[in-house]
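Here the chain labels run A, B, C, D, E and F in written order, and each chain numbers its own residues starting at 1.
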Amino acid sequence: MSHTAYVVASYGIAALTVVALILWVWADGRARRRELQALDKAGIRRRSAPAGDAQ
Amino acid sequence: MRLRVEGLSAKRGEDLIFHGISVVLDAGEALVVTGPNGSGKSTLLRVLAGLLVAESGSVRVEGASPDIGHPRELCHYLGHRNAMKRELTVMENLSFWKSFMGDSAGGSGIDVEAATEALGLGGISHLPFGYLSAGQQRRMAMAKLLVAHRPVWILDEPTAALDASADRLFAGLVERHLGAGGIVVAATHQPLGVDARELRMTGFAGEMV
Amino acid sequence: MISLFLRDLKLSMRAGGGALIGVLFFMTVIAVVPFAVGPDLNLLSRIGPAILWIGALLACLLGLDRLFQAEREDGSLDLMLMQETPLVLTVLVKCLAHWTATGLPLVIASPLLGLFMNMSEVAIGATMLTLLVGTPAITLIGAVGAAVAVTLPRGGLLVSILVLPLAIPVLIFGVSAAYAAVEDPAPFLPPLLILVAITLFFAVIGPLAAALALRSTSD
Amino acid sequence: MSENSLAIRKISDLANPTRFLGLAERVLPWLAGLTALLFAIGLTLCFTTEGDYQQGETVRIMYVHVPSAWLSMMCYTVMAVAALGTLVWRHPLADVAARAAAPIGASFTFLALVTGSLWGKPMWGTWWVWDARLTSVFVLFLMYLGLIALNRAMDEPGKAAKVSAVLILVGFVNIPIIKFSVEWWNTLHQPASVLRLGGSAIDPEFLRPLLVMAVAFTLLFFTLHIAAMRNEIWRRRVTSMRRQAARSAGREV
Amino acid sequence: MISLFLRDLKLSMRAGGGALIGVLFFMTVIAVVPFAVGPDLNLLSRIGPAILWIGALLACLLGLDRLFQAEREDGSLDLMLMQETPLVLTVLVKCLAHWTATGLPLVIASPLLGLFMNMSEVAIGATMLTLLVGTPAITLIGAVGAAVAVTLPRGGLLVSILVLPLAIPVLIFGVSAAYAAVEDPAPFLPPLLILVAITLFFAVIGPLAAALALRSTSD
Amino acid sequence: MRLRVEGLSAKRGEDLIFHGISVVLDAGEALVVTGPNGSGKSTLLRVLAGLLVAESGSVRVEGASPDIGHPRELCHYLGHRNAMKRELTVMENLSFWKSFMGDSAGGSGIDVEAATEALGLGGISHLPFGYLSAGQQRRMAMAKLLVAHRPVWILDEPTAALDASADRLFAGLVERHLGAGGIVVAATHQPLGVDARELRMTGFAGEMV
């Protein structure tokens, strides 16, 4: 009783899914970091202390 | 009756639009909110009307009957959108709002025909709302202010589509409401035609002029 | 409140085609099933109640997503949020009007469609009764979905997705009550009572949750 | 804000987003390394232990199937706790955590479904049956996707937060159903043999790789989750800064 | 034209989660069915193609009515009517984008859902093929309805009366072709060819009629 | 280039809104349509833009290339509604219209960034349109006029939600368009800030002032 194909398929799909997930998280992080840098370059900063700088 | 706004601030998404706005309006007083595009006038009005949650600060109505749950129940809000159904006739629209809204204590709304008369559009209330011109639609939306009594009117660019005579007509309605001890807060780019204090939004905090 | 009910009824008669679109869709579903299972009358009458229920469930979804969205787009929702009338009541009345315009015609049409499915009189009656009791629950659950999706420009499918899983218990008990009426050993009343209980439960929870969602998503 | 604002401020101080970002930056490399190591060990064990006399090779599917099934439930539990955090304590990070977990949980659930199906074909002779456990896992998958869709559809995070928190909590009833369905209803699926009262009833030969893989999967989850949370925080900052630009635009003209 | 196609695709991705939502909806419908008819695998596999088709029809219908209405409400339709580009082409491209965002994902997901319904490989393949051929017809028919509904304040009724009866033949030939593939005596090709013919017919008539309706109802 | 309107009349439903309107506008000329609410300004503009069928009379553009099928293809129409999608970013909206509309012969649109700059809102074109305030939305809708070239601009209450500085900005853009040989027809209740002839709608027929 050997069903190697099923075993291979399940490990393959598992690997594929996990790798895709990792890649997605990584790419997402990189894109966000880029956007933050671009905004920073455009001179837009976060207002961390809202009360302080009216005008 | 007195509308007291204290240290109000509000957010859109993650960031503050304005903060620390305090105003006290007595019965019969009007406040005009001015400022450049995007400075937060509409946001302020929506907070006053209880449609947006304030980040901090409070809006209170003093001297109203104590069984009022929330100040918004004493307010009319006329936003950019008219809150009327295109498929229903003006009459159907207005009488729905009249019976749905009911009257606040201390006054009573006039009836639908009289309200359309007061806005200079008597006799066309049998038309579907969608058949009216932009200015006529706006005027019919204003008739809502009259059919149900509310002491506080909050108006966002009320006169945008109105012609000169309707402008005057509307100023008259506002005067009358103020004269009867009402309170009006309006955001406009053009002068409203009534005596009013001015709150200038400058982008981050408002300042009284 | 009566004025709101009447207005919503008028609107769905005038603009949405409420009653008819639901019934037509329902009939379409019924018309297709015989082609699927073949002209086996026994089988048809066996799966009849299930198919009627699925059809009714899906037909209720059509148009449900616009329940609050249309109000929001023209600014009416703002005013409704500001009134002294508890929002829960407003939501409940809107649901009632929606059900009267969409659900009730389905219930009324169901005996006819039951005949097409070769169901026995008892089965037809039982199914109609369960539909009458159960479809309000679907509308009430749907209201929660509609409230959640109110700010979405194309909420349609999303609403259905949020609604369908919650509607499963309604479906299960509705169908099993209908079957219990024809199959002897199973008692009819218990599932029907559960169905009633579910509907009553959602008549309380649905408007509450929807009102909560409407308040928190207003912008 | 009212009288409890001080308490709220204290809680949010404990883990404010900025501090979280700093922490994540330091922890992530270690976590990633550890995960890789455990996967290396686990996979070697998977393929070196011998097959079952009854199930043959297919028993190896278990080493993927069972951990992903567990993770699919654990991830939802994490989301439910986060949802509580959003509703009860209004913690700013709670919503971020729930949002970041959804795609990861969906992936694990997908894996449990697929590997289960691939196991079911040789064992039961069919890809799919509508028994209680399988159906409830499928419903779990649908719930994950629904939440993702909801999150994606609502562009403004603050708006979706409460709603999705409520939905998550409502959906949590499904988790005990999944866990105990095999005991409540007589189904095709295996009853619990590892995580059960009265000790494990599985041959240690299979238990060892299974446990190692389970730990590896768990670590993988936490690594990905922390990274995804970090991304989500950044995403919100970007949106916020852009909005700020909108407000100041045109003012000087 | 490509820009219009891309914009519409983007819109449906952005605003409702697009492809994902359609498929998700489809899956939810499929998941609901066994709860109604019971987990009997034989019965499920028998009604499988019909359920898949009904699900696809519903998924296509939900949201189709907003195809032009959304454009009209924000004024985009006015600008589209004014361009040099023939309106027929604009309509066709919009239909294409709608189908790509809604219909195509359904077709792609159908094999998976076929597995859930315990359908045989042949039945799955046949159903997928008929869906691929048939769903564009539904979108195209729907476009006519959507165009008619765009300005009529009472368009709703008309749309349902117009669309569903026209969609029934599509549904019937689709389902019977899928069955013909598994049941021996019935031939597979004729109903499929009829389906193709229907789709081609509506690919011509649909945009023409829709464009006509849009021009004549603009106000 | 010349826009020639001859004996135009139009119906809404069953009744004539105006009739016998004739105007000739040469390159570089602007026409302001005024009149009370409901007098038919918007109807006239929609007829000019080819969105409503005239009851009688004709609208022609003379001196344009002969392969133009219909004068509407030479027009920009800015109605009450902005024709922008709330879910898409401003950039996506504008570049869609740019490529969908293309340029009429005799000119070319400027690119999207430059257009938003010209309306004083440079740098926020990456925002979803729905995030903008009412006035900002209106200004972005006006950017459409710049990204695709059309010799004739038809504007229905263009400045309704604009603040004072944006009003001036917009007047400048209209001036520039006229200077380049364009034609502008605008319905307004407030003065537009540019030299223009005036057509006063009086409810049934229009009269040139």
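The working rule: contacts are C-beta pairs under 8 Å (C-beta built on N, C-alpha and C of every residue); 3 or more make two chains touch, one makes a residue touch a chain.
Note that this is a predicted model, so its numbers are computed, not measured.
Asker: List every chain that touches both chain B and chain E.
Answerer: Chains touching both chain B and chain E: C, D, F.
Asker: What's the fewest number of moves from chain A to chain C, given that each move must go to a chain touching the current one?
Answerer: When the steps are counted carefully, the minimum from chain A to chain C is 2.
Asker: Does B-C or C-D have more contacting C-beta pairs?
Answerer: Taking the two pairs in turn, the one with more contacts turns out to be B-C.
Asker: Does the chain C and chain E pair touch with the same residues on each side or with different residues, judged by whether over half of the numbers are shared?
Answerer: same
Asker: Could you tell me which chain lies farthest from chain C when each chain's centre is the average position of its Cα atoms?
Answerer: The most remote chain is F.
Asker: Per the centroid of Cα atoms for each chain, what is the distance between chain D and chain F, given in Å?
Answerer: Roughly 54 Å separates the two chain centres.
Asker: Averaging over Cα atoms per chain, report the distance between chain A and chain D in Å.
Answerer: Result: the chain centres lie 16 Å from each other.
Asker: Determine the centre-to-centre distance between chain C and chain E, using the mean Cα coordinates as centres, and give it in whole Å.
Answerer: That pair's centroid distance is 23 Å.
Asker: Counting in whole Å, what is the centre-to-centre distance of chain E and chain F, each centre being its mean C-alpha position?
Answerer: 37
Asker: Return the residues of chain E touching two or more other chains; collapse runs of consecutive numbers into ranges.
Answerer: Correct list: 11, 15-17, 21, 24, 28, 31, 73, 153-154.
Asker: Touching at least two other chains at once: which residues of chain F meet that condition?
Answerer: Residues 12, 80, 86-87, 123, 131-132, 136, 139, 165-166.
Asker: Could you pull out the residues of chain A that touch at least 2 other chains?
Answerer: 42, 47
Asker: Could you list, by residue number, the parts of chain B that touch chain C in their complex?
Answerer: Residues 12, 49-52, 68-69, 72-73, 75, 77, 79-88, 92, 95-97, 99-102 of chain B touch chain C in their complex.
Asker: Could you list, by residue number, the parts of chain E that touch chain D in their complex?
Answerer: Checking each residue of chain E against chain D gives 15-17, 20-21, 24, 27-28, 31, 34, 39, 41, 44, 115-116, 118.
Asker: For chain B, which residues count as touching chain F in their complex?
Answerer: Chain B residues touching chain F: 12-13, 35-40, 42, 80, 131-136, 139, 157, 160-166, 189-190.
Asker: Going by the contact rule set out above, which residues of chain C touch chain D in the complex?
Answerer: Residues of chain C touching chain D: 148-149, 151-152, 155, 158, 161-162, 165-166, 209, 212-213, 216-217, 219.
Asker: Taking the complex as given, what residues does chain D use to touch chain F?
Answerer: Within the complex, chain D contacts chain F at residues 155, 242-243, 245-246, 249-250, 253.
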